[in-house]
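In the part that follows, the structures are each spelled out as structure tokens.
Two complexes, one shared chain (chain A), two partners (chain B, chain C).
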Partner chain A sequence: MITVIAIDALEYTLVEEFNMRNLKQDYYGRTDISEFSEPRTMVLWSSFMTGENREAEILAKGDKEMWNTRIPHEETFFSHFKNPFVLDLPGYNYDLEQHRRERELLKEFFEEKDEERKREVRRKYNENAFAHHRRVKERFFEALEGDYDFVLGYFSVADVIGHLNFGNRSLMKMIYRDLDDIVSRVEGKKIVLSDHGMKAVGAFGDHSDYGFWSTNFRDLGRPRITDFKRIVLQEALGE
Partner chain B sequence: MAEKKGKKKSKYTTVSIPTPLYKKIKKRIEETGFTSVSDYVTYVLREVLASLEEEEKEEAFTEEEEEKVKERLRALGYLD
Partner chain C sequence: MEREHLKLVIVGHVDHGKSTLIGRLFYDTDSLPREKLEEVRQICEALGRELEFAFVMDHLEEERSQGITIDTAQTFFKTAKRDYVIIDAPGHREFTKNMITGASQAEAAILIVDVSEGVQEQTRRHAYILSMLGLKQVIVVLNKMDLVGYSEEVFEKVRGHTLDFLKRIGINPTYVIPISAREGDNVASRSERMPWYTGPTILEALDTFKKTERRDGGPLRFAVQDVYNIEGKRIIVGRVEAGTLRRGDKIVILPTGERTRVKSIEEFMREGVEEAPPGKSTGITLEDKLFVDRGQILCRLEEETPKMVSEVKGSIFWMSSEPLQVGESVIFKCSTQEAPCRVEAIERRIDSSTLEVIEESSSRLENREVGEVTLSFASPVIVEDFNVTPELGRFVIEKEGNISGGGIITRLEG
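Showing the complex of A and B:
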């Protein structure tokens, strides 16, 4: 059994700075996403699960429709497993309504001019993201007890909260500590992987142009996100 | 003075922490003036909450930063 802990916007430099030992595992580094024009979440996870650069195809859908992408199971490497469990992954089976609500609140935040109401929108935005994170965590730990030959849990909290709160180091450290704890509770071979990292724009967060990876089984060097199909299948099934 | 009838509401409540952490704190307070693990945990939690609240207050941003991040979020597809 191999488990992938897919963490949106997990930033290499913060993992180092906060010294998150479980997120780092035995081997860790940055991924190379330089082949993509922008570090877009939907493009990167779709490319990860298929092992191919899907940028042109996803961007052709347009900014709105892009978020509704559902790559067919047969086109993903998950189909190589007999009984895989994939939780909330963009481009495959993520909760469309939840993520639509996040983007809606983000828009509301930037459209609001009054400082007090702006803070209130951010509070609602954060609450919504943390409530979703708690639900995902619960389902992920249930899945680890199940009879699956592959488990992937996708955690969006560092990305969603980071966009409006990246300047709040205490809050970000709390999130990283929580993610570190999640990884510590997973047994067996595991990969921690992010699509991209995050860099500060004042109090806000923008995507950085590299991702993060770590494993407890071997050094991967500087892999591309599309290499993980091969890595997972090799490690789990010897393919 | 007449005593209030019924159960008096306690000022304290119980929270659980992992046993290894409890042991670590117990050892640490030997080098401090804290007389119990509960006092130490209360102190640390107050510090953490104060720091979170302080950072929330300090999170002022300029219009320029807001415009910059809006532009980036548009490019990434988050905003129309």
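Showing the complex of A and C:
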């Protein structure tokens, strides 16, 4: 049994600064995503689950259609498991409506000129993201009790909230602490993995060009996101 | 009249609940700004969790680290008797410096131990620093009693182990209190879940402690930080490390030995200031135009002045993976003085967690070890025995640009 806690936009330097010990586990570092032209969520997770660089294929879908990517189960390494549980992962089974709503509010926020209304849109945006986070957490903890041979939980809160609130460090720290707490509740072998990190652009956040990894079983050096298929299968199934 | 305040340091293993205890002390004494608390409560709710004090402390720390709020109310909590100032902000990066300077200013200490884990290596190290600094008013709190079902048996067992260890380093705590910082048991109010415990709560225990800091602060020690020329006035900025500085004081400048008088005490937007109490950072002007520079110490002429020495002996607590070695040169920092020095000898090298004497005489001091170290200076430094004037008796050592150890001066030579 191995658990992957997939966290969108978990930033290496913040994990260090906030000294989040559970997120760091015993071994941690940055991932190398330099093979990709840009740190794009959909591209990175699709490449993660297949163990192949899927950038060209995803980008060919265009900006809109890209978000509807659903990679067939048999093309992912999840299919090597008898009874896997994968929660809300982009490119596989994430809640399309939820993430569409997030992008819509984000767009609305940047298009809105009136400061008062802007604040209101941000409030809605945050509320929507937090409500989703609470649901995902609940289902993830249920899954940990279940009879699965592989569990992956995908948490988007650091990315979604970060985009509009990265300058609010105390809010970001509380989110990191919540994620840290989630990791602490997982037993057995576990990997924490982010697609990319986040860097400040004024009060906002943009993707940084490396991801974060940590394990409680061995040092992975500076892995590429496509290496995780091999790492997970080796650790869980000895393949 | 200004309320009395007592300086308190809270030490212990990083996972044993320090932040939660600080949060709880603030919360239960109503010392937290309400709107801040409300903000944190809302975020906790958004994340689907109960309000936790660790989150409250995160919030305050982040604001402080960004300099958003320099609100003294946040570092204080109040009881009916007095105010308490917590000097050791949790999560501080400059850990060593903080422990030495923080704990050496403290008048009382709380040593926190997770009752379900007992004394850990870090607990031992922190306790060792308290003992090195000679802190006498110590409360041991055994935290997380909720995790052991508020069991008297568990408490007694861990209490026994803890007291055994503390006895070996000469600490005899005034109280050992079973608490749950998270639930609030025995912090500000008596726990109904531990009827077997009849001693005081943390606040009651703290209120029995005495103020140890001298009110007038003893002989004057004014450490010069900088000199500014503002509108034709030559203002010497520094900190009253000890004693009380008064306008008109006859003073002597060390190390030059030149004498003059304090012409004025300069404070922003205030006229005719007559005195500056111990701990105050302020500006002054002098009657005569003399050479004054950072690192110098101004003393009152009629009082005993500190020694200028070219060799000191001190207990050093080393906290760096790079060892301290005999024969090497490092930077000695004491008050505003910074001086290169040479490590002459290291004696009584001790492992701070096992208390085992590794060597009576050694060529090095490794991470987390304590030793009696002799340091020599090319030009004399102005220092004092820690037990006489703690402000000029504590120091830190910088090696290759990093604060790597700290200690107290135990003997002056040459």
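Everything that follows uses one rule, which is that the second predicted complex is superposed on the first by the 239 of 239 C-alpha atoms of A that agree within 3 Å, B and C clash if a C-alpha of one lies under 4 Å from a C-alpha of the other, contacts with A are read in each partner's own complex, and residues count from 1 in each chain.
The rule is short, and it goes like this: contacts are C-beta pairs under 8 Å (C-beta built on N, C-alpha and C of every residue); 3 or more make two chains touch, one makes a residue touch a chain.
All values derive from a computational prediction rather than experimental measurement.
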Looking at the superposed three-chain arrangement on chain A, would you call chain B and chain C a clash or a fit? clash
Have a look at where A:Val201 lands relative to chain B and chain C in the superposition and call it first, second, both or neither. first
Examine A:Glu116 and indicate which partner it touches, taking first as chain B and second as chain C; both and neither are also allowed. neither
State whether A:Glu145 touches chain B only (first), chain C only (second), both chains, or neither. neither
Which superposed partner A:Glu97 touches (first chain B, second chain C, both, neither): neither
In the superposition, chain B vs chain C on chain A residues touched: B
Just chain B (first), just chain C (second), both, or neither: which does A:Trp67 touch? first
Going by the contact rule set out at the top, does A:Leu171 touch chain B (first), chain C (second), both, or neither? both
In the superposed arrangement, does A:Asp219 touch chain B (first), chain C (second), both or neither? neither
After superposition on the shared chain, which partner residues are touched by A:Pro39: those of chain B (first), chain C (second), both, or neither? first
Just one of 22-30, 148-156, 238-246 or 382-390 in chain C hits chain B in the overlay; which is it? 22-30
Common interface residues of chain A with chain B and chain C? 169-171, 174
Chain A residues touching chain C - in the complex, by the definition given at the top: 19, 21, 126-127, 130, 133-134, 137-138, 157, 169-171, 173-175, 177-178, 181
Residue positions on chain C within touch of chain A in the complex are 15, 40, 43-44, 46-49, 54-55, 58-59, 62-63, 65-66, 91
Chain A residues touching chain B - in the complex, by the definition given at the top: 38-42, 63-64, 66-67, 103, 106-107, 110, 163, 165, 167-171, 174, 201-207
Complex interface listing, chain B residues touching chain A: 48, 51-52, 55-56, 59-62, 65-66, 68-70, 72-73, 75-80
